[in-house]
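In structure tokens below, several structures.
Shared between the two complexes below is chain A, which pairs with chain B and chain C, respectively.
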Partner chain A sequence: MLFLRNFGVGKWSKICLGSILFITISLLIGGCWDQRELQERLFVLAVAIDKADEGGDTKEEKEKKSIENFVQPHGNKLYRLSYQILQLTPASGSGEGARKASISTYVISSTGESMFEMLRDMLGQVSKGFWFEHLQAIVISEAAARQGGLQPLIDLFRRDTEMRWLIKLLITSGEAKKLLEYKPPDGEPGGIFLSDSLHLYKKNPHVPGWIPGLGETSQAIDNKKTVQISRVELVEDIVKIGGTALFKEGKFVGYIDEYATKGTAFFSAAEKSAIITIECPDHPGKILAFELFRHETKLTVHVNGEDIYYTLDIGMKGNLGESQCGNQYDTMDEEAIHKVELLVAEEVKHNILYAFHMYQELQVDPGDFGTKLRAYQPLAWERVKEHWDEAAFPNVSLFPSVNVTIENIGSHK
Partner chain B sequence: MANLEAKTSMSAFQLAIVLFVTCIGAQIMLTPRALIEQAKNGSWISVIIGGVLFYIATYLMLRLGKKYPDETIVEYAPRIFGRLGGIFVIIWFNLVFFLQVVTIFSGTGKIITFYMFDRTPPEVVILALLVLCTYCALQDWGTILRIHQFLFVIAYSILLIVWLTSILNFRPENLLPLWPVDVKGVVAGGISTWGMYGGYECVLLLLPLVYRKVSLSKLAKEVGLAFIGATVLFMIIIVVIIGVLTVEDAKNLPFPALIVIRSVELPGTFIERLENYLLVTWIPVVFDTLAAMMFFMAQICMRQWRHADHRPALLLLVPIIYVGSVLIDNPQIYDQMGKLTMWVGLVFSFGVVPMALLLSWWQKGKVGKDCG
Partner chain C sequence: MKRIKCPRIRKLSADRPEASIQQAEKELTKLQKMTRQSTVFGEEIEDLVDQLRQVAAPSSEPFIFTSILEENKKLLQSIFKDCGDIEFRNFDAGGKSALLVYLEGMADTSNLERNVIKPLMSQTAPDNPNTGNLSEIFTTMKGISEHILGASSVSVLTKANAAIDAVMMGNALLLIDGISEGLSISAVKYVKRNIGGANNEHILRGPNEAFNEGLTDNIVLIRRRSRDTNIKVQILKIGERTKTSVAILYVANLVKPGLVEEVERRIKLIDTDKVLASARIEEFIVDHPWSPFPQVQTTERPDKVLAALYEGRVGIIVDGTPATLLVPCTYNVLMQSPDDYTIQPVIASLIRLTRNVTAFIAIYLPAIYVSVVSYHPGMLPTTMAISVAELRARTPFPSFLEAIMMELLLEVFQEAIVRLPQRLSGAATMVGAFMVGTTIVQAGLINPLLVVVVAITAISSYSMPSYTFNLALRWLRIPMLVLASILGLYGVIIGILAVTIHACSLRSFGESYIGGLFDITLLSDWKDGVVRLPSKLLKERPKEFGAKDLTRGGEEDG
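And now, the complex of A and B:
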């Protein structure tokens, strides 16, 4: 302030000068200088990756495919990359000619080998840049995954800083692009529909939704662990998510069904809720359903010389959710309920071993078993880690022990 | 009117804060990957080894400084090593700060442009940060000290809060086995944590401001507190990185300390992509470290050239720092620079300082004998 005094500036002048400076700076920094309206951005909501020659059977589709193309200096026409883009139409006008705000989606595609090159080529089909910050799901066709493995398909998405790590991955045995074109009945954009469906994993153990998404997949690849991706199928206008696709070292291994997916959730303690059904002990052909609310799960590894085995202790608490026997089965009888508890425990054990043996047959560790061995028996892990999936894991044993408590029978006997 | 900002003394606790802030700085974001690659699951042990090791180095510096009251290393080095040897030691001392400063500027420029302004050249970001740090370093020590104290409370607490949201994705089993199979890697990792703790050398400049007020044991205690604080913070960061990302994943990410919160989705909100918030809270931390180090460099030059003011020396250093920072233009050079900086720092701490201490004991003993 010394220099101001030298120029003869007084106290009030300084206050005025300070205020002007303050207001000017506030005006300059307060505005969104690079603001862009929502409808001026092309939000990519979902991505589909197919083999380049997949689909396109009709004449019209073939013609479309011929223009979704470009001359490549390197590589081959291996993949077709499709984007589902959100179209936001703002409300406009008033009175009779008024137009309501609306949301819709459309799909564009390109064929090539490099995902990045196809991305940039697709700019030739739009008038604004793509915005990936809200990308919800990546759907990969089984044929594309079998062709070159998972790595080339997702590398761009794990490398680019614009991508979220919570993007959901899905596999379909059919054409992935069709899933992007699918219009959910409630008018919700397809990408959001797929992502939200996977969020229901808390109540649906047929979905391996405990895997948060791209970040977790990237982590599994780095750790040379089995990558588990949800399976989605589209037949006519029905979309169904259920079951799991397995990848080992980036290569597609196969699918496991919904029952094995549920069993996997049991040994990794990933389930938040589950419905476990048994046949009524007194009325064959009738079903009783136990609804799981809480559980405590502990998977322990044991090493005895060369022998490696696991014990899995599970304590489950929940309600009797359904009894198709109706009043014929006395749910108020303590002994009858205890019988159900034992049968549910047996069923959980069966489910766990069903999943476990499926993994052993496919020679892929779902991740929990190798991780336990590495963490608690590092020396034993060093011995087997090179051939864990192929040689050691298929020969280990699992001994599940399940204790079920039915806390409530519901609001009707 | 007297310049109240030109501080002539400070408390031992203030010295501890300065040490903590200078040590932590930018490297919390830039160095964990290399450490985890080297020490794997035992990285937390390496951090403790490093804390003990560099506390010992700092203690030796305190012992050395206590022998020369009212003087910094710039004044007493020529008396210990001779005129030329002294100049060599002073240049080396300044080089320790210079190399750290250019590496931090370069790393910070890269990380900010990559994650925040991907179309902006790193040189522009470095220049903007350099201007800001220069403005701060042009002030007297009183101002810089106050900024340190302010940011110690504000910036670090916000940074830690943002960072700890990653606990939502924390899996304790990723930390196992706690005791590593590769002990050699852990010990080597302990030495390489110099990159994290580097900056403690500033005690050789700041000791004259403290020494008359407190005893060596009190100083050692306060400095020890700073090291305990830094070690705990580094350990939290390393443990969280491994617990969330696993060792194998962290090895493959250029900045795992940043990516660690990328998968966090705050429950009940739509807020995600927290790495951007983390970067924003990290910038003040980088700023105060860099400003302090630039001030130290200018102080060394000022004392060496017997100037009364550090500002001309600082303004002279600014273009050199800028050129040095932008020359580190690829990851290979950055890695090499990191290694060079570490060895320059390690040799200074465990070679030059102990030698100075031994020589000063020998010289004082000789003077005593000659008198007798």
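And now, the complex of A and C:
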């Protein structure tokens, strides 16, 4: 203190110095607790969930499976959890050419019942901790989904803090792990490939609209709505996304095809763009395509005594995108274009009813109909809500009316 | 087993009382007291000698002039004892002996010869027509200065102190036998630099004259730019020993009431022996000497000073330093460059906005990098996270160490380039470019992304118009880095808050440092602050500095 006094440090300065020291020490002790450098984290880019006994038919694979395992005090070997992990290839300094164009990944798996337990067991196969903040997609095999429903599969991913709402969910009828091992031709990691591919929903009417994120799925589950998940298939080295899997109250109900998926989007104008094809008016057997730009949709519910029915008013604007009707077909003719407009309207009506009947057959409300009834006709809803999906919904009728305007035809005199 | 008895270890002072710390302290104070007393004795003895030497001088004066020249000369010689550069020139003036005292090299000898010595010596010639009243003229210094001397600026001195000061300033002191007064003849001429271009604040279009070391020259540079009698110059002498001239410049009918008085008060309170650079004055007059931010604007450009004076601010020119001080100083004025007024307003506005962004980058970018890489890589887009991870895949150090090392390296290079002779600094630059740019990255010690981050930060801080502000930004980077490495982005946010709160509470002569930017009543200052509008629209002075007359135009003048 003699030293401090020589510098003219008074009582207040001592208090200040003391508190600075205190803050510094407590920061040094308390800080840094979750510091982990970027390269010390294992990027999990995609997750696959299979049934435990799925795949692995060859002897070699069976041997592999026996080691991807652990002794488990509770539960059974129900699921096989697989992670697609980013393989860090250091960018070596010698010039541009050294940078590898493709990003490699590898897949590890474990079997068990609790997802969390499997996660921690898999740490035995790696040297760094897993990190899920950049997780892109969760691929679920149909068999796993049928086995116990959706809830046990995604609960961990809904609960954990590292998960993000934009993680995409996908369903495949085959083995999900195979999709993680699939290497997209342009070298990007499979997880990013799947997620980005789903982002093309704006142009691709064959995948459900802005629905299959983990967040929206969670909301749908919590609101007891139908969950729609994109379907993905892998055959040999071809991956194709299209169609929708439906879940009701966590149970797998079935698939609807691409055509019905497109029709579903028309219920609530969820599409930004769609291609609608019709037969040429004057040349049967040939095809003409209408490109949808904008549409306005109004779904109205009507109750007439016991009878519940819906009207769907749709106004569509778009272009004549393609005509294979031959050169003689004159698209400059206003009469002809008007005919096309009517035909497209017919086709849209057909598409909507096709999708609607598919839902009715599966006894699943796609989400819009029950909500409308509850909002606008609460008395009628009270009457039918107990058995809406099973009894009421399959019997309601839908009357679409479509008005199509073709704005540009893409040809000139 | 026999137990070894061990004496209890005690303090040394318990055994030997003379070794205790209280005792040592007591001895020390005794010693200090004795030294103090001895200096007091010394001073007293000196005073006694002085008293013995002089006749009956008042306590504030070393002596008083007598009418006997020889005695005056002796007294002066005792004052200027061992000052080899003081010249005593004896000559004969109108039958009386005269003495000219001046500082060699500071006084213009040819001027003195022509205007002082020659006219005085010629008075002895018998054919002079003025001989009739010669003896009358030679009775007072006033008469001599009015009738005989050809010098332009003279003043009669009766006090010895003033006479000594005059000699030390480079004036010549004339003493004549029989007159108990001195005459100070201003003939100052010493070696000095010519007016040069502004080296540190070079601008592309517009005037490029810069201040140099001479106070009078510097004031001339300002006077020459404005024929305004309202520009007032007040000169103070600061420094116990150097007695440096400090000029306070202001526009009398613009400056905020009380500001000049406050500047004067603070300058007069300065208690120091020497003032060698204006930065010394700056440190004495700022409100918060511990803050890293510069609270006084420095410039070497006369046009900048004049512009500031017409905004109601006060300039302080210190003799011997080209860097002139301007107060009050806020963040806003530090972010402006004279070039903003020589280019198109839209471009100038964009450049000013860019400067504000780069100021932010210069402090926080390395901290944000460290916190994102070590704590929150989830914030990066996935593809970017992957490429950053690949860049860092083989880096041996954690990002914080890496960043600190790079910062250190950068500071070392800057220091080396500034300190080295100009011819060698090119070599230092080369070494720096090779070492950092290629070798360190190739060796895998530091990843290229960090080099990019540090380079952007450095370039950002260089783009500040004020060098002292650039230094402040450079200094602030390090605590931000430490906070980021301990607490991640929370630390960065705490740092941003701390810096912002500090800058808001910082006052420069009553004006908030950064608070003016967020004050809704000062919104009109944005016209020439955050952006710059065309000159036609800048009809008002900034409200922030409280100018008495806010309109620049003439017709609304009060």
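We take it that the second predicted complex is superposed on the first by the 358 of 413 C-alpha atoms of A that agree within 3 Å, B and C clash if a C-alpha of one lies under 4 Å from a C-alpha of the other, contacts with A are read in each partner's own complex, and residues count from 1 in each chain.
We adopt the following convention: a contact is a pair of C-beta atoms (placed from the backbone, for glycine too) under 8 Å apart; a residue touches a chain by one contact, two chains touch by 3 or more.
Everything numeric in this text was worked out from a predicted model, so none of it was measured.
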item	value
Which superposed partner A:38 touches (first chain B, second chain C, both, neither)	second
Chain B versus chain C as contact partner of A:86, first or second or both or neither	second
Partner chain in contact with A:223 - chain B first, chain C second, else both or neither	first
Touched partner set for A:166, first chain B, second chain C, both or neither	first
Which superposed partner A:103 touches (first chain B, second chain C, both, neither)	second
Touched partner set for A:375, first chain B, second chain C, both or neither	first
Chain A residues touched - chain C or chain B, whichever exceeds	C
First (chain B), second (chain C), both or neither touched by A:133	both
Shared chain A surface residues [contacts with chain B and with chain C]	133, 164
In the complex, chain B residues that touch chain A	114-115, 118, 169, 173, 176-177, 181, 245-246, 248-249, 251-252, 262-263, 265, 272-273
Chain B contact footprint on chain A (complex, rising order)	133, 161, 164-166, 212-213, 215-216, 218-219, 222-224, 371-372, 374-376, 378-379, 382
Residue ranges of chain C in contact with chain A within the complex	25, 373-375, 377-378, 382-383, 385-395, 398-399, 441-442, 444, 448, 485-488, 491
In the complex, chain A residues that touch chain C	2, 27-28, 31-32, 34-39, 41, 43, 45, 86, 88-91, 93-94, 103, 131, 133-134, 136, 162, 164, 189, 192
